[in-house]
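This is the structure I want to talk about, given as structure tokens.
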Amino acid sequence: MEYPTLIVLLALLQYVWFTMRTGMGRVKYKVDAPACTGDEAWERLFRVQQNTLEQLIVFVPACYAFAWFLSPLWASVLGAVFIIGRFFYAAEYIKYPKTRSLGMGLTLLPSVVLILGALFGIVRGLI
Amino acid sequence: MEYPTLIVLLALLQYVWFTMRTGMGRVKYKVDAPACTGDEAWERLFRVQQNTLEQLIVFVPACYAFAWFLSPLWASVLGAVFIIGRFFYAAEYIKYPKTRSLGMGLTLLPSVVLILGALFGIVRGLI
Amino acid sequence: MEYPTLIVLLALLQYVWFTMRTGMGRVKYKVDAPACTGDEAWERLFRVQQNTLEQLIVFVPACYAFAWFLSPLWASVLGAVFIIGRFFYAAEYIKYPKTRSLGMGLTLLPSVVLILGALFGIVRGLI
């Protein structure tokens, strides 16, 4: 499970970067805790982080389940697509939220394929 | 770990459904990103998704720990209760948030039992 | 993996406590679902829970990866620091959000060390 874990850890590092940028943005855009609204530039940073969190809760267990029950190689490839998709998503969202669809698709699609592939791998083994 | 993983993957699929419904709701209820407030009908969809995320962070690792250190069968049964409870929670919350207690209990209780059972299984093995 | 799992489960219990306190706070501070703003005392409880969720998504997989590829003992020690840091963070944030830096550092730092240590352990094994 070396390669899938490597990919998962890189996705976590990317998320830590989004988190730190959001934290530092509180100072820059003057959004004092506990507020989560204010300057829209900060709200975009915040939503990029939150949305990545919303995706990671699926990605991490699905990536491991796919790697274990179907293919560690393809789990890693799909995971790499997930990370690249997140970079697109973040870059587009911060510029102009309406253009986030491609990046969103490139992270949601790998996650759904990871879930369905892992389900297929388990069911194939049980029957 | 086939059956606990099957249950975890189904819980993730349910959450992906809640997530997609929230995303599509942004168009229907005219809540443009990055805003997370507006039409209360959308806020309910959003909170169902967010609350499921808040629960999954506990459920996924606790389900695996319980399966590993105590019983994969009972981990799967408790996980099935979790998923059914989430459907109740979502249906009630969207109709009328004040009635969400039963669905909430049916997801929080299995998670707490999974944590405590896993702790019991580990401590029993260590002493 | 008994000790790392023990630590992960204790961190989840701590988070369940933060979650229940936020839920009970909705009654005390009269913040009716689905609203997530209102009395600032409640917003502080809510942000403590949310921020812990934002941290757990990194901590749980990074703790296991570090334990598996480098050292279960040090994964447990860093995990204990994470839990203690979260208690500081919660206590300070609820009193006065601006003083949360120490507690924040004591949870973010272990998570980053867990990620980097796990990456080191994997890369060392591959080359």
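A, B and C label the chains in the order they appear, each numbered from 1.
Here is the rule we go by: a contact is a pair of C-beta atoms (placed from the backbone, for glycine too) under 8 Å apart; a residue touches a chain by one contact, two chains touch by 3 or more.
What you see is a predicted model; the values in this text were computed from it and never measured.
Trainee: If you fit chain A onto chain C using the CA atoms, what's the rotation angle, as a multiple of 5 degrees?
Mentor: Copies differ by a rotation of 120 degrees.
Trainee: Examine where the copies chain B and chain C touch and state whether the two sides share over half of their residue numbers (same) or under half (different).
Mentor: different
Trainee: Hey, how far is the Cα centre of chain B from the one of chain C, in Å?
Mentor: 19
Trainee: Give me the residues of chain C that touch two or more other chains.
Mentor: Each of 36-37, 53, 57 in chain C touches at least two other chains.
Trainee: In their shared complex, at which residues does chain A touch chain C?
Mentor: 2, 5-6, 8-9, 12-13, 15-16, 19-20, 23, 32-37, 49, 53, 56-57, 60
Trainee: Going by the contact rule set out above, which residues of chain A touch chain B in the complex?
Mentor: Those in contact with chain B are residues 36-37, 40, 43-44, 46-47, 53-54, 57-58, 61-62, 65, 68-69, 93, 97-98, 100, 104, 108, 111-112, 115, 118-119, 122-123, 125-126.
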